[in-house]
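What follows is a set of structures to go through.
Consider the two complexes below, in which subunit A is the common component and subunit B and subunit C are the respective partners.
Moving on, here comes the complex of A and B:
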């Protein structure tokens, strides 16, 4: 295996990761700070036999991605807050119809138009719960240009395997940061669960995921956002059937939490433990680097949804979890739900990262 | 094959009301599809939300019943990702012209190779009869209880202005003409728009003095004005009454199109 060294912007790395993963369709709409991804895909996809299309808005972008996915193509879009809000209805459609797709959200300050050129992590709950009704998704959070590449490629495998929208929840800092990246000559490419002709198109396997009956193969699949039976036919007034379907859509992701978990543990015997994802990971890493004499615990999370709550128990001496986020404590609240010790949320709004000094002061105050 | 072979027999009975015009439009469309000799595995039906949009659920091919107004955006993804598929969209006046209006004009502008059949019943039927962008002025709906005061959209003129290659309008009375128009649409590279005025006895007719289903069909027939006749009247300096529907082939042209299968691309 040969790999090569590059110096790339995070957004470009995400687009390249998608191309390496075999993404063949990108439907998008320009929005800061994600636009470089669309621009890069517009330049590269046609040369690789893929399709780039700039849609009329983000409602149409995600709709086109879902349509493309049903033809068997690996398909994605990229956006930021306001566009993400517009996508919500069809994200629920993708969850309900179990359509594999990848959505990159380069988060900026909100609400509303907010801070287009500044970083935030304010959409972490929206990506989990933003569409109406109960469902579950997978969200990955890169903290480096390398991870923009690696996790985008991984997102396609997870979307296919679990037949679910997978979010790359990055932020303006990681999206626009330039740093070195080692580009592998190939990435792992696992497929969608196979559909067995003659079986019911929405009958799940043991892992609760049905085979994917892609369009154009003669399977005659009916796909609807209405509550449907295992034939795929609308069946919207049967209480038991609706409950079972929605429960399965959630369980197929939540029962895989340990398999999906992707995190690093630093100083597991520490008493005070930082938990971070995305850009704040870099600040925590700096704090640890600056204080080698201190036992600073760190749980750095890449798979934020489903949240790997079992990881908290790995810190057996933990007295406190400290959660720096570029929001008012969205994931801190999720951690509080699972933690047996106090959780200190360290929110930061405004678009800038916490300084290492700010975070160390919080840690030191509890030492 | 006959058009009946395209129906999912195990989905019957359907949800449409007695006297609904949608079945007529679906039959005409499937007869045209059948006449194309297309394989079922190469044909995909896409729809949004509303009475019209339940049609793909009754058809044996792959079909995508999507969200309100977005059928054309989903269909664009299907067609662009696999141009070998024949993609037919069923929609209605609310789905296409209100919530989906932006997708409609952009699909026409792109001139993407889709055939769109719009069942224009001039009302929101599924939700119980609210006024739509094509409800004629003065007509009663549950949200225009004193008569609609808004001018109605002319969907076909909109499609022409936005760039569709083929545009025709007929009605649930003109079944032969409608079937021919759909077939021409299916044959035409680029965006084809076929508008079909349909009666909705449950939610339009009964509030607007059409006591029998046939009364509304008679009205639609009597107010259908052939394009050739309209053109003659205009030449003579006559005014076209607002309550007339111009029917016929309204546009046929060859603007550059998107989403054509490789063999169809003209040099």
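Moving on, here comes the complex of A and C:
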């Protein structure tokens, strides 16, 4: 088999990327604009020896994914805003129990049921901080149908390696658009950190990630959302143990920021630099294409969490970062926290992309 | 060259499928780039439906249709909502069975729904007649690519009917309507 050309919708590409990555469990509840992922998995998973379950709601959906993951299966769900909100409690449980899982959020306009059929990027902060307590996650943002495939497959590897929920934070534009895609003949499949029988199940390795003891492999492991010791037993009143555990859950991701970073740099000597992720990337690319005579900088980010703040320093002449987002400036604020020069947020709500003309006007006003 | 094609009609005519077929023809068989989008909402069920496809020789960056070069309009409401603002240099192909208005740009009248019904016996293939006419007038994809993409996309057992519908559209565009 060799790589092949297809004309696919983004959501189908995500589902196919998951299948190629070896996903064998999908638990979900259909919601626009993510439904095609569930529909495609329902059709394809059983034929590959996998399991598709339509759960009663999103609380149960993410719970089923966490359970499936503990059997060793690569497991995922897909949802959008209202469903994402319902998943928040168990996302914290997945973070606390260090359960690998992949959650696709095809973002639509919120808050509440908002705009079911229109694009948004309003859940970027919820994805990072939506469950209670301190923790860290990984979030990837595709900007094409090709990346819906590639980054979904990658999400499974990262979820396994770091034992953490990994989010594919896409949007209605990319999810519903159909484009050319080259489907590779195989995708990289790295496993979970190996568990050594006889060792403590939550004792971390040098990378701060413990080996994964799958259910049914002959040893007992206690899994709890309560603060636990390295045996996995609840120990919820020891201040030092709680502090060390939560610090490790955050550090295992944040200390890997440079390794996880996935971004492209265009015109690193530019003075005005766009920073974008997801669908707005396409508009910025068009602006650069339409104005080859202007030095327009661009930091195009695929890994949004942990945010690759070290990339900002690559633009040595930057005097302004311009951040177009389909929200009121969620990641712009994160960038502001790291940037040594002013950050201009260019928010857009309502479901349509910024036009190239709108973004060029912002750049030109500062030229 | 980037060409933006917008289809509009009412829910059930195959407006979205038409642009999926066109994009598929461009990508899979003409080896170009295409980006297909649609207005996807509850208001489109039975009401005015719109979909679009951008076709280009190079990778498509901005994926939304801003100023369409080519319109295919299959309902009066679709004309009013999505076709009336066509730029003077655009090309519009309209189903003259269903659209009463005429635009300020170059336009071609195709009685697709009437032809589909009388010549082919099934008005459901009117959108394929329009696709054939579109390609006949604009060559936005090749006829061969269009035919293959149609055959990929239509239900089994309807291949001959859809091929005839496409050929009818091409023939009308070529001014040599087949008997």
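What we mean here is this: the second predicted complex is superposed on the first by the 366 of 367 C-alpha atoms of A that agree within 3 Å, B and C clash if a C-alpha of one lies under 4 Å from a C-alpha of the other, contacts with A are read in each partner's own complex, and residues count from 1 in each chain.
FYI, contacts are C-beta pairs under 8 Å (C-beta built on N, C-alpha and C of every residue); 3 or more make two chains touch, one makes a residue touch a chain.
On a predicted model such as this, the values are computed, not experimentally measured, just so you know.
The superposed arrangement places subunit B and subunit C next to each other on subunit A without a clash. Looking at the shared chain after the overlay, A:337 reaches neither subunit B nor subunit C. By the touch criterion defined above, A:64 lies against subunit B but remains apart from subunit C after alignment on the C-alpha atoms of chain A.
Using the contact criterion defined above for the overlaid structures, shared-chain residue A:203 touches neither subunit B nor subunit C, since it reaches no partner. Judged by the touch definition given at the top, the superposed model places A:220 against subunit B, while subunit C stays out of reach. Applying the stated contact rule after C-alpha superposition, one finds that A:177 touches subunit C and leaves subunit B untouched. With chain A used for the fit, subunit A forms the apex of an angle whose arms reach the C-alpha centres of subunit B and subunit C; rounded to a multiple of 10, it measures 110°. Touch criterion not met for A:189: it reaches neither subunit B nor subunit C. Set side by side, subunit B and subunit C differ in how many residues of subunit A they touch, and the one touching more is B.
By the touch criterion defined above, A:234 reaches subunit B but does not reach subunit C.
In the superposition on chain A, A:5 contacts subunit C only, with no contact to subunit B.
Superposition on chain A places subunit B within reach of subunit C only down to 29 Å, the least C-alpha distance between them.
Here subunit A touches subunit B in the complex through residues 24-25, 27, 51, 53, 55-57, 59-61, 63-73, 75, 89-90, 93, 215-226, 233-234, going by the rule given at the top. Against subunit C, the residues of subunit A that register as touching in their complex are 5-7, 33, 116-117, 172-173, 176-180, 279, 282-283, 285-286, 289, 352-353, 355-356. Put simply, subunit B touches subunit A in their complex at residues 8, 11, 39-42, 44, 46, 54, 56-57, 60-67, 70, 73-82, 84-85, 102-103, 106. Residues 20, 23-24, 27-28, 31, 33-38, 40-42, 60-64, 66 of subunit C are the ones that touch subunit A when the two sit in their complex.
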